[in-house]
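Every chain is named by a letter (A, B, C and D) in the order it is written, and numbering of its residues begins at 1.
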Amino acid sequence: MSSGNGGTVTEPRAADGDLALVIGQDGKRFILRLAADTELQTHRGVIAHNDLIGAEWGATRHSHLGLPYVLLQPSLDEILLHLKRRSQIIFPKDLGYILLRLAIRPGMRVAEAGTGSGALTVALAWMAGPQGEVHSIDRRTDMQELARANLARLGLQDRVTFHLLDIADGFPIQGLDALFLDLPDPHNYLLQARQALHGGGVLGAILPTANQVSSLVEGLDQQGFSQIDVCEILQRFYKTIPARLRPVDRMVAHTGYLVFARALAPMLGPAPQTGARESDLDLDATQPIGEEEQG
Amino acid sequence: MSSGNGGTVTEPRAADGDLALVIGQDGKRFILRLAADTELQTHRGVIAHNDLIGAEWGATRHSHLGLPYVLLQPSLDEILLHLKRRSQIIFPKDLGYILLRLAIRPGMRVAEAGTGSGALTVALAWMAGPQGEVHSIDRRTDMQELARANLARLGLQDRVTFHLLDIADGFPIQGLDALFLDLPDPHNYLLQARQALHGGGVLGAILPTANQVSSLVEGLDQQGFSQIDVCEILQRFYKTIPARLRPVDRMVAHTGYLVFARALAPMLGPAPQTGARESDLDLDATQPIGEEEQG
Amino acid sequence: MSSGNGGTVTEPRAADGDLALVIGQDGKRFILRLAADTELQTHRGVIAHNDLIGAEWGATRHSHLGLPYVLLQPSLDEILLHLKRRSQIIFPKDLGYILLRLAIRPGMRVAEAGTGSGALTVALAWMAGPQGEVHSIDRRTDMQELARANLARLGLQDRVTFHLLDIADGFPIQGLDALFLDLPDPHNYLLQARQALHGGGVLGAILPTANQVSSLVEGLDQQGFSQIDVCEILQRFYKTIPARLRPVDRMVAHTGYLVFARALAPMLGPAPQTGARESDLDLDATQPIGEEEQG
Amino acid sequence: MSSGNGGTVTEPRAADGDLALVIGQDGKRFILRLAADTELQTHRGVIAHNDLIGAEWGATRHSHLGLPYVLLQPSLDEILLHLKRRSQIIFPKDLGYILLRLAIRPGMRVAEAGTGSGALTVALAWMAGPQGEVHSIDRRTDMQELARANLARLGLQDRVTFHLLDIADGFPIQGLDALFLDLPDPHNYLLQARQALHGGGVLGAILPTANQVSSLVEGLDQQGFSQIDVCEILQRFYKTIPARLRPVDRMVAHTGYLVFARALAPMLGPAPQTGARESDLDLDATQPIGEEEQG
């Protein structure tokens, strides 16, 4: 991104071809790719891309009606909230935690079943980096086309391999570090999921209803998964008036239940119970867990 | 990590020197680095590392008393919960969202002020990857030594530069993409923070009390930051008995308020107000924001 | 209300003059007082009150367009949600807990400062019963007129005494069992509040911002109040489809912080600290507290 | 309770036979009935009841070791948290809302099935007053004896009629205004419940698991109940240090799901659907519902 270390640092500037976020006084946001000699039309006037190209990030520019706009590089959560979509996307509050639980890291090998509108696809491609291997599987062409378009707009299309098929017939890849199921009935594909993950690999899912969670947990218990965890994440924003600090009036009450589990290695005989699962350990889950004991 | 694509995939196996997570029937977790000819002492018997080395990840092994243990690669959240610590660490529920909001990605340039026990340091090093540039600044030697030890245990020490200094005197780096302040009084260092970030860079902070949030928001308003956002994240785990699905009895009620803002480019005259901030838009913040891209 | 005990019970029926709740197929609710020879106009047709008078509660009647409506006695929370209002009312989720903490019971002596639209006034009159003594104090005539009208519509007007005055000059009553302050600056009236309560009386307040809570708690500490408690109550509704049980999409994120305290008897010298307050005892507050009763 | 109106008010004083709450500096609470010539033994010394009898409520008294104790009348929520118990009690956060939704008021006629340890029994007796009619039904003698003892300690025993029987055989009373089911399988007794309630009467239940909620909602749909509502209530306490306002560290994550419904009058043909139920109207449920009253 930038390079300075002390001394003189050149402020990074918006360049032709960069992805940009432009925000007006009314909070209205535009995400666009800068292209010389084109214009951004807003309800409050026209902004020439040429006025933005070459400007410092964080600079203020004005529309032809004289109204100010701030120029920023979009962060990942802003990009995701702006994606063209045809289905419910995974919210930032859930996505950050999913990426952490799937242990996403540069160079990893990960797949999602259920491409959806590509929000998770984008996040995986972003986080896994150029050396990463991201697979996205769906049986609907239209969804994959949308996700492909969303990736292309962000310049991330080369990091993702799309597979058009029904996972009931098995996954096209194996030895995965992590697999995320964004499907209404993940409990029907656990045998296939187990075969696609390497031993110890992480399975994740998001489900809107409690009934689906019961079905999935039951299936995970039976199909050689361990360390099953179910949780939900609530996010509450605050009004940002320092002398009158208070939460906003309304919030999202529910997006989905998050489920995580680890694949056990195939074995003869019954899988061992690893005792209380993490989600039963409500207090321990939030405390340092006993640490390295060594002989 | 692994490489197969279709055909025959060799299951990845635990090797001498790997970081491993070993979980007993009672849910007791051990994180350790595998070393030939050493032993793991547990309350339920001894496990020879030599029994673990060469095993498939996800495999079950037994202590000398015959009790089963599952062998896994630790995920980032498990590593963080096991860190040796001397101060409160940032919880996974908050950390995932922080990484997303700071737009952490392979190769980025990021700093934290307040090294603490190094949990965020570990997460930043993990996510920024080998090409990333992570700086951690603290004025206490003991905290940095602990963080350094935690990084070394994970093999991530080469990705982080430690700076022992007081940020009241200014940051030792400039042009940062993102900066996280894990300090009790971040509002006292906003001028320095602004100079360390490049235009449009992301500032983040976590604060335990509402009074601190008021002080920080007031300072951000005055020091050329925009897009100020305050939120809190709550996580509720569920018991995983399919026929009796219900939340666990207790949960963490509070870790800290999260605050995010974007640095504006220096300008003459007053900074423009960008209207309602995201956190005021409680409904919009959760919906796709209308997008207008124009040629 | 009703009287049967076993044997033949006559189902209670809607009578001329009764308060009724009428609900359409579209969920639209009407609260009205039944009056012979009048009509209820809905968007889906006209219902003659004469069709409702004499019907069993819980019965279905039809508009002149043939659309069905269910006839019910309104419960207290439904009445409160329907009150004519000119200011924010206290929500049912908060109100139930407030009534419990103020220990409202038949025959008790209670006051509120800040009449508002009369929602709490109605609830206090309802719960304190015909023998209760409810005082409502405000310095604005218009608010008291609205509250008076709301009470009259419910037939509760005789249970409440209104006082038109500024509590900065002191309360017009003394020896109160409980006092609720629904004002923006309750910390300015704590001396007056202390004089209006009998020793050990309960003070309650609701406040939208964290800053106001800090001011109030500080004042309570200084003005001879003890057992200070601050909390907030969140309520999440569920969709009621048995095979797809899940929370609704959105919820109220904030109404107000609730503050409670007990008045100490006037004493010479500093008030004793009663150690950890209840709200600090997050675990104990939810468990049976050890009891030692001794002869 | 007290009587002054203006002029000279005599502060109410603790009398022989009164229920009292005594709180030490360490926050330790004792609920006891005052009895002349007896003593309260604490870990920090002995307090003679004779020192408390005649004292103003809110006064401070000292143990024989010189440590101060505050004398208060216990409020309902404090009484409930101190009840001797053999089963999970209903928490104050839920109880206040339940009382509101059941529209409890002086003189009403209400029953509970599942006496439990008598916490709801106590609350109903307290709120329904001396003219109220409270029935408590259980098939276990031991539970009823405990509840009876808890009521007797509070002097409320005359307000409750206990029934020792199995509600599978039907309820012993009819024409109830409200009925609360505190049982693991309320869906098995809905026909009986419907017969016990008068038309339009309110049914309430509390259930720990999502599976039970699905079963109950399904049964209510089939058995002539309407206006079905499911919700959960979360309460978060705050530390009460004004300069460091923040939530406590831990909170109760779950007690139970609350379910409410209204009994329809028996009718020929299928019951009308009243469209969206209240719990589906997440936004409307929190706003004044449009009202049309017509003459």
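Keep this in mind: contacts are C-beta pairs under 8 Å (C-beta built on N, C-alpha and C of every residue); 3 or more make two chains touch, one makes a residue touch a chain.
Computed from a prediction, not measured in an experiment: that's the story for all the values here.
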item	value
Classification of the chain B:chain D interface as same or different, half of numbers criterion	same
Euclidean distance of C-alpha centroids - chain A vs chain C, Å	43
Mean-CA-position distance for chain D and chain C (Å)	16
Residue list for chain A, restricted to those that touch at least two other chains	210-211, 214, 236-237, 243, 245, 248-253, 282-283
Touch-based graph of the chains, sorted into line, ring, star, complete or other	complete
Chain B residues within the chain D interface of the complex	208-211, 236-237, 243-254
Chain A-touching residues of chain D, taken from the complex the two chains share	210-211, 214, 250, 253, 282-283
